[in-house]
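Same chain, two partners: chain A is paired with chain B first, then with chain C.
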Partner chain A sequence: MKRSFGQSLSLYGGLLLIALLIVLPFWWVISGSIKLPREIIQRVPTMIPESFTLQHFEKLLQASDFPVYLINSIIVASFSMAFTVLLALPAAYAFFRMEFPGRNALYRTILLAYAFPGVVVLIPLYGLFAKVGLIDSPVALVIVNVAFALPFSIWMMRSFLATIPREIEEAAVVDGAPTTTILVRILMPLIAPGIASVAIFAFISSWTEYLFASVLIVSDARRTIPVGFAGIIGQYQIDWGLLLAGATAAIIPVVILFALVGRWFVSGLTDGAVK
Partner chain B sequence: MKNTTLAFLFVSPALLFLLAVLGWPLVQAVILSFQDVGVIGSQGHYVGLANYAAILGGAGFWRALGRSVVWVLGNAVVQTALALATALILNQKFPGVRIARTWVILSWIVPTVVVVIIWRWLLSSSGGMINPLLIQAGVIERPVGFFATRESAMTTLILINSWRWFPFTALMMLAGLTRIPSDLYEAARIDGAGTFQRFKRITWPLLQPTLLVLGVVGTLLSFNVFDVIWLLTAGGPAGATQTLPVLIYETAFKGYRLSEAATVSVLTSILLMGFAFLATRAMTAQEAAR
Partner chain C sequence: MGDYMMKLTKFLTLAGFAATLMTGTAYAAPVDLTLWHMEQPPHRVQRMKELLDEFNAAHPDIQVKQEPQSWGEVYAKAPAAFAAGNGPDLLFTIPDFTTVLKGIDAVVPVDDLVKDLDAKHGFIPATLAPYQYDDHVWAVPAYNMAISLWYRNSVLKAAGVEVPKTWSEWQAAAEKLSTDGKYGIGLPANKQLYTDQTVYSVMVNSGAADIYKDDGSIDFDKPATVNAYDFYSKLAKLSPADNGSWTWGEAEACFASNTCGMILQFGVINTYDTQAEGDAADLGVAPVPHADDQSESATISYSNAIMLTTKDEAKQAAAKVFLAWLLEPANYGRFLTMEPGLFLPVTDDGAKADSFWNDKTVTKYKSQVETMVANSHAGKLFGFTTGKVFPSIGAISAQNVIAETLQHIVVDGQTAADAVKGGQARMSEIAKK
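Here is the complex of A and B:
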């Protein structure tokens, strides 16, 4: 099918606009992070950096607590990711591949939890964590992150499980393989993209989580990037160079992760949205 | 029989976990709302419906609710428009479409605090990017404080949050678009229908179920947005951007009136659950009518 000139123009014009809308802010921030301070606050902004310096990154890594926040964030996000996958996988399998009484009602309840306002449970959760001594502990953050990532993760597994023909499991059952073997040996490799999607979703949710981290973590040495960073913004004199370098450094890990498994995640998102 | 046991075995870890971390605290919130606890950890007494009477009788709750409604509607309009345009484009065939579909979501995967830094910097009135560009273009004479006045603060926040979320919405819409059979378009083309006609007669009506689902999910998701607002304006100026989540957070963790905050959160949950219930009923009715 050939496009007319007008159609091509609107397609590529629109594409360009979207690309600019999304990429330009990132470009300004990332390119700003290597500009000298005087170029950053210059009256007439420059599109392409005219100066080059790594002083902001040096300051970020040596004089600020950013490396500590970064390590804390990686630890919390990795554990949240692992536990989300461990809980979501069997639950999704049961929901979409097995029959049991109350299945639909339970599934709907779990979906409802996805849209649940976090701030509602924040207050009582603070009290509960205080009772068991988990305030200021990364464990509390992992628990919360897993709880909020779970419903969406289970839902996202649906489309991946749906692509696997039931005959594969049936054949294995006929062969007398135990269910656990079917799950681990036969299904696991087939739904690897689904597992990757759930993992990346859980990692990103944890990586960006601010609300709970701001309340449940008290000491500076245990803060994650969102909260630690927000503290730097709040300081009296804003050091834009440092903030831009920090923003750039906080973007890199998720971008790397996304470059590796992003397309699985997007296909999980778009195929899963069917019903 | 054995299968049922196994299914429950598979579901129960996730279920029990959610029950403990989300369900049980919800019960605690309700209990808290009938007490007079101030600072976290202090003892409270049963006060009956006093908190509810005070909050429903005062102006703060209703104002925050109004702002939340403005916030949700503003986000819905801006995001739907941007997302629909994006989804229609990403549904075409062009070189690099896979890359575009993957990386369009960039603004959604970075931490909120990065989004906040990006836009605080770009919109800054000393330096920044947007102000100098607008001055150069002759739109304004001197730098504008985007978060300085009530109206502009709310509008700016809605635009920033939409920037963050529209790619996510676009991918959900794209899923709906790819489900529309291509032979419909083919037939319409043969009948001589133009681009706009095809959109109006095929795309738009067939996208309705997707839009409805997104409308419900999107409403709940934007309603719950807290960090973007808190980090950019902290509910200001003069409370102009204090939506219900911000009000709850402030009351609990800045004002140290825990029971009051719990009461607002219980009222909020009732509102949202009511909305979700009515919306899902409307959806089931629509499905049944088809």
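Here is the complex of A and C:
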């Protein structure tokens, strides 16, 4: 059906508006990071920079521990992502295919993890980690991040598994493939977009996690970006250039991750799987 | 042979004694102290590192390490750490945070140390008062911050306005400066600590400094408080419309960009100098104006202090050595100038120390810093004005009841009298819990 001019105008106008709403804040942050301080603090912001400087990035990388925070965040987020995927996949498969008592109840119950605000379990978790010597350790953050990302990841992964035709598994069973082989060799390639989605979800959840990282980590050398960055920018006096440069640098790893796995989102889920 | 044996015996005895001494000194493990502070910006952490390196080198038997924390989390983190047995030995604080940790028995009184330091350096009474209650001193004052009125000389001169000393002069000045897209004054109306501070700095100038009676009941709803809120809300109307979301940084940026003619702030020197590239001679600072029926200006001041939070006696002794070293004028000025133009001295000799006044930024803005120091002497803090401290002040402060009361006027349109009445009820309700 051909759209009228008015419909097209409304459609593209709407799309443009949405794109601007999403892009403008990013543009404001990124362009601000290369402006001179005097231009940044102007009451009416300049959308096209009138000045250019890299002084904020120099200060960020040379005079602060931002590179340390960045590396810590990459380590914590990467391990959190890997463990979440490794645990979510078999768990989702078990909920999807295996028969065991209370399966449905358990499947719904795991989402109860999100019923409690993080701050409620903060102090008990602190005590627990202190007892096992994990305070000020990135391992504690990975455990917490995985614990909080896992329930939703299992739900996501199960919904991807549910879209795979049962005939594929049955064909593998007829050929004598054990459960592990079916999961790893047959299903995993088919739900690659699902794995990518869960990986991105786990990575970003961990990348932006603030509450637990701020309490469970004590020393400056082990801080992740959200916590370390909050300290860099100050309270009574804000270095706006440093703030914008840090915000710009912080999104780079996430952009790289999207660039690497984003293509999975557009690939067909089971293209050519069943002849 | 007898002489030889005697000499040998003496030699061995002396050698053994010397060896014992050496073992006891050179090989004794140093006392390790962990210091938590909330001075997280990189330049402050660096300055602390320099000072600690210097102290540790001069005191091989004591090693102090810093672990910077955030004010946002330390209220939850410190009690958890103490409960788990891995809290710090020294902890920076502000008055209401001290009440929280005192409540869980994590703080050790420092009466004797403060007495000695006071005799030697002379604490400014306003900086010590918030930590003196229940027959003890609970922390050693480290630096002070006090709100002042900031303006540009050139802007006031161009508008034909004198630096305001009274509320009527202040309002007239703000109205006159509100022209051509500029705002005469930038005051926050956010439900946040900065608004608590600016509102209280107006309250203390109308005779409404005390919010508690001696018996611990709330003494908020009184004519002086209503006057202060009424006046503040009038000035807030002359501020930018987005002041409902302001914290310190937004107000400072408004002033630095020359959009706000005047602001109330602890300090603007750093931002004014480095981000606005302003002329030092043009930056003006004055006491917060007082109500027309008052004779002198006062302000809100936050005396930041250091608590002793270890029960280990050896660590306590070592911590006292460190604190005494820090307040020595030769070291203390360098501690204060980790944030020049913001952190003010708490001791008389610190206020005269070359190590403070020789700092590059302090030298450049000497007259402004002198005014800030003078203003800080008249500083008060809500809940800590009567010599008695009541635990509910922690919750009243944390829930920003002072700022919330203002919002009832500027957002909900209540009268100052009704809003203050509501504030009294809220505070009383919190105090009962």
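Basically, the second predicted complex is superposed on the first by the 253 of 275 C-alpha atoms of A that agree within 3 Å, B and C clash if a C-alpha of one lies under 4 Å from a C-alpha of the other, contacts with A are read in each partner's own complex, and residues count from 1 in each chain.
Keep in mind that, in the parts below, contacts are C-beta pairs under 8 Å (C-beta built on N, C-alpha and C of every residue); 3 or more make two chains touch, one makes a residue touch a chain.
If you're wondering where the values come from, they're calculated on a predicted model, not measured in any experiment.
Peer 1: Specify the outcome, clash or fit, for chain B and chain C once both structures are aligned onto chain A.
Peer 2: clash
Peer 1: Does the superposition put A:M98 against chain B (first), chain C (second), both, or neither?
Peer 2: first
Peer 1: After superposition on the shared chain, which partner residues are touched by A:A230: those of chain B (first), chain C (second), both, or neither?
Peer 2: both
Peer 1: After superposition on the shared chain, which partner residues are touched by A:T53: those of chain B (first), chain C (second), both, or neither?
Peer 2: neither
Peer 1: Look at A:G127 in the shared chain and tell me whether it touches chain B only, chain C only, both, or neither; answer first, second, both or neither.
Peer 2: both
Peer 1: Would you check which partner chain A:S137 touches, where first means chain B only, second means chain C only, and both and neither mean what they say?
Peer 2: Neither partner.
Peer 1: A:Q42 contacts which: chain B (first), chain C (second), both, neither?
Peer 2: Both: A:Q42 reaches chain B and chain C.
Peer 1: Report for A:A63: first if it touches chain B alone, second if chain C alone, otherwise both or neither.
Peer 2: A:A63: touches chain C, not chain B.
Peer 1: Is A:S219 in contact with chain B, with chain C, with both, or with neither (first, second, both, neither)?
Peer 2: second
Peer 1: Which partner does A:W240 contact after superposing on A: first (chain B), second (chain C), both, neither?
Peer 2: So A:W240 meets both chain B and chain C here.
Peer 1: Go through chain A and flag every residue that touches chain B in one model and chain C in the other.
Peer 2: Residues 40-43, 119, 122-123, 126-127, 130, 215, 227, 230, 233, 240 of chain A touch both chain B and chain C.
Peer 1: Hey, which residues of chain A end up touching chain C in the complex?
Peer 2: 37-38, 40-43, 63-65, 119, 122-123, 126-127, 130-131, 135, 214-215, 218-220, 227, 230-241
Peer 1: Within the complex, which stretch of chain B touches chain A?
Peer 2: Contact set of chain B toward chain A: 3-4, 6-11, 13-15, 17-18, 21-22, 24-26, 28-29, 32, 40-41, 85-86, 89, 92, 94, 98, 100-107, 109-114, 116-122, 124, 126-129, 132-133, 136, 163, 167-168, 171-172, 174-176, 178-179, 195, 210, 213, 217, 220-221, 223-224, 226-227, 230-231, 245, 248-249, 252-253, 258, 261-262, 265-266, 268-269, 272-273, 276.
Peer 1: List the residues on chain A that touch chain B in their complex, please.
Peer 2: Chain A reaches chain B through residues 7, 11-12, 14-15, 18-19, 21-23, 25-26, 28-29, 32, 40-45, 87-88, 90-91, 93-95, 98-101, 103, 106, 110, 112-113, 115-128, 130, 143-144, 146-147, 150-151, 154, 179, 204, 207-208, 210-211, 215, 225-227, 229-230, 233, 240, 243-244, 246-247, 250-251, 254-255, 258, 262-263, 266, 269-274.
Peer 1: Quick one: in the complex, what on chain C touches chain A?
Peer 2: Its residues touching chain A are 40-43, 45-46, 67-73, 76-77, 79-81, 83-86, 145, 240, 248-249, 252-254, 256-257, 259, 265-267, 270-271, 274-277, 339, 342.
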